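Order of writing sets the chain letters: A, B, C and D. Residues in each chain are counted from 1.
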Amino acid sequence: MALTIGVDIGGTKIAAGTVDPEGRILRRAKAPTPRGDGEELAEAVAGLVRELREGEDTAPAAVGVGTAGFVDETRSRIVLAGNLGLADDPVRDRIARRVDLPVVVENDANAAAWAEFRFGAGRGCRDAVVVTLGTGVGGALIVDGELRRGRFGAAGEIGHYRMVPFGRRCACGNQGCWEQYASGSALVAEARALAAAEPKEAARLLEAAGGDPEGIEGPEVTRAAQEGDPAALRCFAAVGEWVGQGLADLAAILDPERFVVGGGVSAAGEILLEPARQAYARAVTGRATRRLADIRQAELGGEPAGIIGAADLALR
Amino acid sequence: MALTIGVDIGGTKIAAGTVDPEGRILRRAKAPTPRGDGEELAEAVAGLVRELREGEDTAPAAVGVGTAGFVDETRSRIVLAGNLGLADDPVRDRIARRVDLPVVVENDANAAAWAEFRFGAGRGCRDAVVVTLGTGVGGALIVDGELRRGRFGAAGEIGHYRMVPFGRRCACGNQGCWEQYASGSALVAEARALAAAEPKEAARLLEAAGGDPEGIEGPEVTRAAQEGDPAALRCFAAVGEWVGQGLADLAAILDPERFVVGGGVSAAGEILLEPARQAYARAVTGRATRRLADIRQAELGGEPAGIIGAADLALR
Amino acid sequence: MALTIGVDIGGTKIAAGTVDPEGRILRRAKAPTPRGDGEELAEAVAGLVRELREGEDTAPAAVGVGTAGFVDETRSRIVLAGNLGLADDPVRDRIARRVDLPVVVENDANAAAWAEFRFGAGRGCRDAVVVTLGTGVGGALIVDGELRRGRFGAAGEIGHYRMVPFGRRCACGNQGCWEQYASGSALVAEARALAAAEPKEAARLLEAAGGDPEGIEGPEVTRAAQEGDPAALRCFAAVGEWVGQGLADLAAILDPERFVVGGGVSAAGEILLEPARQAYARAVTGRATRRLADIRQAELGGEPAGIIGAADLALR
Amino acid sequence: MALTIGVDIGGTKIAAGTVDPEGRILRRAKAPTPRGDGEELAEAVAGLVRELREGEDTAPAAVGVGTAGFVDETRSRIVLAGNLGLADDPVRDRIARRVDLPVVVENDANAAAWAEFRFGAGRGCRDAVVVTLGTGVGGALIVDGELRRGRFGAAGEIGHYRMVPFGRRCACGNQGCWEQYASGSALVAEARALAAAEPKEAARLLEAAGGDPEGIEGPEVTRAAQEGDPAALRCFAAVGEWVGQGLADLAAILDPERFVVGGGVSAAGEILLEPARQAYARAVTGRATRRLADIRQAELGGEPAGIIGAADLALR
């Protein structure tokens, strides 16, 4: 049985685990993330690998590393990772030199998406798009059973196709990007705007935020929606509709069998997915005759998914 | 040297040819398209195959058929082809039974796009999107060197992702589809609207149309633009900008190395492509650091491309 | 008691009536509209005035004429009236010469709106906007109790402010005009698009149109909605929402006390007005604290309103 | 010669002046604005009035007060003035009691706009819209020679009609308000976004801001544009286009003879107005035949305009 080690390098901590071919994590380890020094980072990763191998007879087949930031198309360098304080860093070779095992590097979102595809809500299909609704909107494209990265490693930046001409400004410098409408930040902005414009309707959300619209945060919106608060449900309906429209656009282009929706906002489950499905069914081109893709909630949590996906990608 | 036969079934005629592995058409034949009868259609195709084999010693390796309409994901049936008068037709088996050769069926737009990828403006790269700007906007996705059809055979309907919320109505039943802004029809609509609103500025276009804005047609807009008419150039600039924006959206999702732009509107060449490139460079996410995809004009004409692409796909 | 004569010049017929100061029509007359000849048109109007005066002892105080087309700011000339076949026609003097009475000319939409303001759904307020939802969207502004025509006589072209950047094309040459979303034509377009994209949902509408989406017409959509057909109600909800948004925009600019909604689409009454009111209440700026304007259905029919309004304006 | 006293109550200071019938300020006085206490505020105003009357034989005819915040339709109370810390304050009576003269209260933006209309860039016409492009976008409607306030005193909130469906979020709780595109804040946001997305192009703007896009401020953008910096000019072109589109929308509704454009952004003069005029001419409905309204830069500075306008309104 070929075991591999998966590593998830995040902005504050590195999580690693030994993973079996069925995607189960057998053993785990973690360490804080060193910032701004590629050698230290590689050493921290190598330390976790050593820790996981302690007492094991058999060497793992490979080490898969999912990292924050943008990875180049050869998957050996970090091009830019703002929250790691790194740019143009030869991360793969730095680690390989230390662990004496094959090392595969991948963007962390891709790694987590791959885990969903292989062992989570995407299993059993060959064409899927994994959409992660967090602060922004990220995505991973699986086409004919493979993760596709595009020519320059930047495929799946689905949060930055333009949804609305002259729409809300995005940190990427553009306007109207999908992630300004369908992300966790969008949910919060929706709730705050509602509270500012219609304080009576948003009384519960406002109360939880001490009366200040700007104090409203995502988890409270989710909680309120789960307890049936009409204002919170209205916010989820609005965001869900944008999610569904975006999936319809992706379906026109990619025609996948399934969409897997993960990230913080997806924790609300059907409260988000049901309006998304309805919007999707009303918006997708050719809807009278086409078979509609499934829209499912992600099943694995973020950190385990990152470890599992990185580990599994290391075998391919 | 393995020769194959490529067939392009259009609404009015069927064009066929013997094609060599370098994508050259060695011999051609054509026949009118029978309407509304799958058996007659298959017989017409078989007749062309026989005609092309006449006097040849060696049998072709296979027959590739590109057909108008929507082909199912098993590539054996025409799901719906309005202008052939066919629905749910087992076209592959009907032809195979008659020619006693392997038969491969593909959507005609995909076939032509594949020819561009293999032997035209797309050669030499592994990730490309071929965009066809005709009456509508069609597309074909080449990812990691393969034509990708999506789970249900409908990938590449890029003309029907939503560009503008509440935008212009599309025949598909939606609003704001990209093809309402970036197609040949959009170019004509732009010219007609300009002529209606600013007849002086559009004097030349109006004159060529006998004074009636609704009489303006695409070829005249192209001709006027080529001769420097400011109104026609303004129309191309507008459409080109929409083309560029759409390519930027596709780049965010797919990150291809190259875009190949074909179809009737692309005959204007740089008059269209230059504003498209500028809009692309201003609109693509991450433009400060990313490598920009090439945007090139298609090189093969429509009909030869259909024959060549179908022939080449038959070998895969 | 000062009686006046009101005349409504439409594309096919001229309707005239003797009107008392309370806006009641005491006597009526009509004639076909001569096309393309200002003298004949004036003679036809004069003939109706003579007919109405027959047997009356007292001369009317004045003649008010509401006419199709665009009237200049001095209200003496028709600048352009396509469906009368007239341009730059000195209509007031032509008529005045014949009837030997003071003649006042007004655009017919303004005249009808004025009647609504004085004797219909607008009575009792000083600041109102009368919105006419017909083939297009027309409007009349009443500010501080007076009909306001703008500096060049073109105020109230509210159907042509831009609702959607790059939106649906308008006959005026622009894109995204309000009338492309909130008019009777918009209602029909909505129903046709729905029938094309979701034939099952629109079964009733399709059936009434013999199965062809393009055969669906406005009165049938209204009838179906009145009988509870969900597809038709969905169309009215969509159009009503656009109506409400437009009124919210007008409120931001003009802050009237009341909106009076007339024209063919308004015949559906609350089926249209209720979604309009809801959209208005959700969209108007400052909605948490501002007093919301009334939104009421027009009370007078089109032709009588035209006669009554023209007659009343003649006294001012 | 009837002199009046005009008072401009701003967030930090109160400016007052004695004004003659030609709109000249003969004498001036100022004081800091007391916050949060209506009586203190009235006393401060009364103190300035006394100071201005000192040594004058003749009493002024009236006192006109322009104040920040929202004034009710009877023009006697401040409904809400956030930056004065006042709500529902009977400001007119508080002042009148102290100065023993007729007192007229008006919103400060309306007062300044009125001055422009009477003595500045709007003089000589009867129908004008004064547009103030500051942090937000404000406006004042002059129809048939009178300032129009709407039924509830809120007319002219032109910055809050919706320009873009689902557009940029506005502090008013809505999305896509005009002021998010055409204000000084919009200019700054444009410059910052440009600097973030295309740092090379925006090198000069970035340099002046110490390299941080978020450090870019309006005056520097204006200065850079005046010195020909292409990036700054691009920002003004973008904002100017939105200004022109908005004026075109207002023209469709109100058809004024003239637009007077004031506020901080307008200091750039033709750099802003020329793209605005071009966009206006391309966007206004009926542009092939209609007479285009003038678009002129405001002539009076903000504070004098506030004093002069308030003083002049006091006489009406």
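Please note the rule applied: a residue touches a chain if its C-beta (ideal position, glycine included) is under 8 Å from a C-beta of that chain, and two chains touch if they have at least 3 such contacts.
A quick map from chain label to UniProt name: A, B, C, D = Glucokinase.
Just so you know, these numbers come straight off a predicted model, no measurement behind them.
Listing every chain that touches chain C and chain D alike gives A, B.
For chain C, the chain with the farthest CA centroid is A.
If you average the Cα atoms of chain A and of chain D, the two centres end up 46 Å apart.
Separating the CA-averaged centres of chain A and chain B is a span of 35 Å. Put simply, the C-alpha centre of chain B and that of chain D have 53 angstrom between them.
Residue positions 163-166, 172-174, 197-198, 287-288 of chain C are each in touch with at least two other chains. If you draw each protein chain as a dot and join the dots that touch, every dot ends up joined to every other dot. Taken in their complex, chain D has these residues touching chain A: 163-169, 171-176, 181, 189, 193-194, 196-198.
Those residues of chain C that touch chain D in the shared complex are 79-80, 125-127, 139, 141, 143-144, 146, 148-158, 160-165, 172-174, 177, 245, 248-257, 283, 285-291, 293. Chain D contributes residues 165-166, 197-200, 287-288 to its touches with chain B in the complex.
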